[in-house]
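Next up: some structures, all given as structure tokens.
Next come two complexes, and both contain subunit A; in the first it sits with subunit B, in the second with subunit C.
Our next item is the complex of A and B:
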């Protein structure tokens, strides 16, 4: 890693650690190793969204050419959101691609991701299935996103009706996450989800 | 065309290397060294667009023109040495280091100031101010029109 990248991450790390947002438990950054090329981020789900009450973990990789190129960020916590892959955690956000600017920082990236959770852009999707549900069946989308937040990010809301559908697929021999993903993408229609899993 | 893009100091480096290997090498050592390494000139890497890195000799003609124009435009942007008198510009927000007396600076038309090396590296990838996202060429043209 070139000196400029490491020196900047050192400074930014301090900046995030003493920022107001950390005091308010909104964002957090941790080092993974002492070479400063990989970090773990954490953002709180914004209030009044299906992600409220959840803590979302991020993998942050710093390229050698940082800050001339953006950090490579993906969600480690599974999440149901039109601009984040429900399978891989890959993120579709302009500032992590062609709209990156060298004056942006880890702090602005984490805050932008938090803003993305509060304002999805379904017309520029990363996960087409989620985006379609967001646009065509918004109440199911919100319920599913809340359920995923509760299961994977420690959110508060539980839905016994959804849990029982997952349980019935589990008794058929399907793995829990596989069952949840299939039901989520099929609008919690047990029959269609079963069909999808069998094929 | 390709020759315009070679960095001006590559020749100096090769001369230095040549003088190092000069008279001190004994005949015994040179016998073990085998044939001299093939002539290598380090080829500068350019970034025709932000996520593309290519050696100068693999650029398309279009990219070469773009880069040559870019180099020309960058050279039109004023530079200076940090003398501590400016109250506004205190740190370079690319490397996040404070300006030190004697640092070479470059001033953008939007009035943002950076280390010359830092901003030149950025401008070769993206011709916008990293702080305010103002396109630098648009601002350059306006300054020409008003002056």
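Our next item is the complex of A and C:
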């Protein structure tokens, strides 16, 4: 039965490579090895979202029982999103869990993830801190998400004020990503972020 | 505007290039694609179609239904689906059409073998064997002793047939035989 998984991935791989979305540089899939059980995905941040202009890399693992069970997907690119862990990149998306259907493909998974970037579900969060910020302080959330896109996903440069706050924490001896994560989760309040890092 | 114009011919030429290896072959590929199983993406064999109109190989759909026995939904549109809610398809090429749902051997139902008696209740199993074992030791030498005594004894020969002693001995031997049978029977059911 393992052969079904491999044969299907081969076909899907061709499908994704041929699809219009690849032509438009929206989604991309690459092989990691010859056994077709691990792939790298790439999706473009949807326009008119804080993720616009970024390219997000994904780790896709194909279980032996594919397509009867969903692929295991997580973000490799760090991202600030209520349904994606800012620490591990784990994704909370129903079709990757109990709503998976055997007729779904790598293409539909990548397009669904792109749709998730455009429409977050803060009431079913993966990252509680981000989800809370999304609901309670949406402008800060958008700014943070855009900043993370610029730094980690190659999005357009933005917000020198945020960079300067990170720099001041760096001069205190904290590692850059650690400083960014602390500031992001504390609403870019330098004092609270410092306190959080010290504790 | 200018980028749009330039990208369209490029796409068209790419499409033409991909269909280059024989237009008839490509046409057949496309025809076959209409009959692809929605699960394995290969041309459906032992094909069945759901009430919602989606085509599958029966083995593929069967495995999907087995994967989620509690939630039997169409893999394409998530309509209700099940073994009795799909229709087998018989093409003309098949000389002896058979319902694919009956062709696939139903998977053997789950069995729960008893755990092996290694350490769980060792005394119970061993005691049982020990009893039979000790019986064997007790009876076997006894048998040897009696037979050897028989050999060495100068016993009187059998009495004349028809004599009262003969009938008495016959009667006794029969009683002993029945006692032995009863004893063996008791051993079996004990």
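We adopt the following convention: the second predicted complex is superposed on the first by the 197 of 199 C-alpha atoms of A that agree within 3 Å, B and C clash if a C-alpha of one lies under 4 Å from a C-alpha of the other, contacts with A are read in each partner's own complex, and residues count from 1 in each chain.
Methods note: contacts are C-beta pairs under 8 Å (C-beta built on N, C-alpha and C of every residue); 3 or more make two chains touch, one makes a residue touch a chain.
None of these values were measured; they are calculated from a predicted model.
Peer 1: Quick one: subunit B and subunit C on subunit A, clash or fit?
Peer 2: clash
Peer 1: Using the superposition on chain A described above, determine whether A:101 touches subunit B (first), subunit C (second), both, or neither.
Peer 2: In the superposition, A:101 touches subunit B and subunit C alike.
Peer 1: For A:123, using the defined touch cut-off, is the partner it touches subunit B, subunit C, both, or neither? Pick first, second, both or neither.
Peer 2: Neither partner.
Peer 1: In the superposed arrangement, does A:34 touch subunit B (first), subunit C (second), both or neither?
Peer 2: neither
Peer 1: Now that the structures are stacked on chain A, which of 42-50, 114-122, 132-140 or 150-158 shows subunit C clashing with subunit B?
Peer 2: 42-50
Peer 1: Enumerate the residues of subunit A that count as touching subunit B in its complex and touching subunit C in the other.
Peer 2: Correct list for subunit A: 4, 7-8, 11-12, 67-69, 98, 101-104.
Peer 1: Give every residue of subunit B touching subunit A within the complex, in rising order.
Peer 2: By the definition above, subunit B touches subunit A via 50-51, 93-97, 118, 121-122, 125-126, 128-131, 133.
Peer 1: Which residues of subunit A touch subunit B in their complex?
Peer 2: Residues 4, 7-8, 11-12, 67-69, 98, 100-104.
Peer 1: Would you tell me which residues of subunit C are touching subunit A in their complex?
Peer 2: Touching subunit A from subunit C are residues 11, 18, 38-42, 54, 60, 63-64, 67, 71, 73-76, 78.
Peer 1: Which bits of subunit A are touching subunit C when the two form their complex?
Peer 2: That would be residues 1, 4, 7-8, 11-12, 18, 23, 65, 67-69, 98, 101-104 of subunit A.
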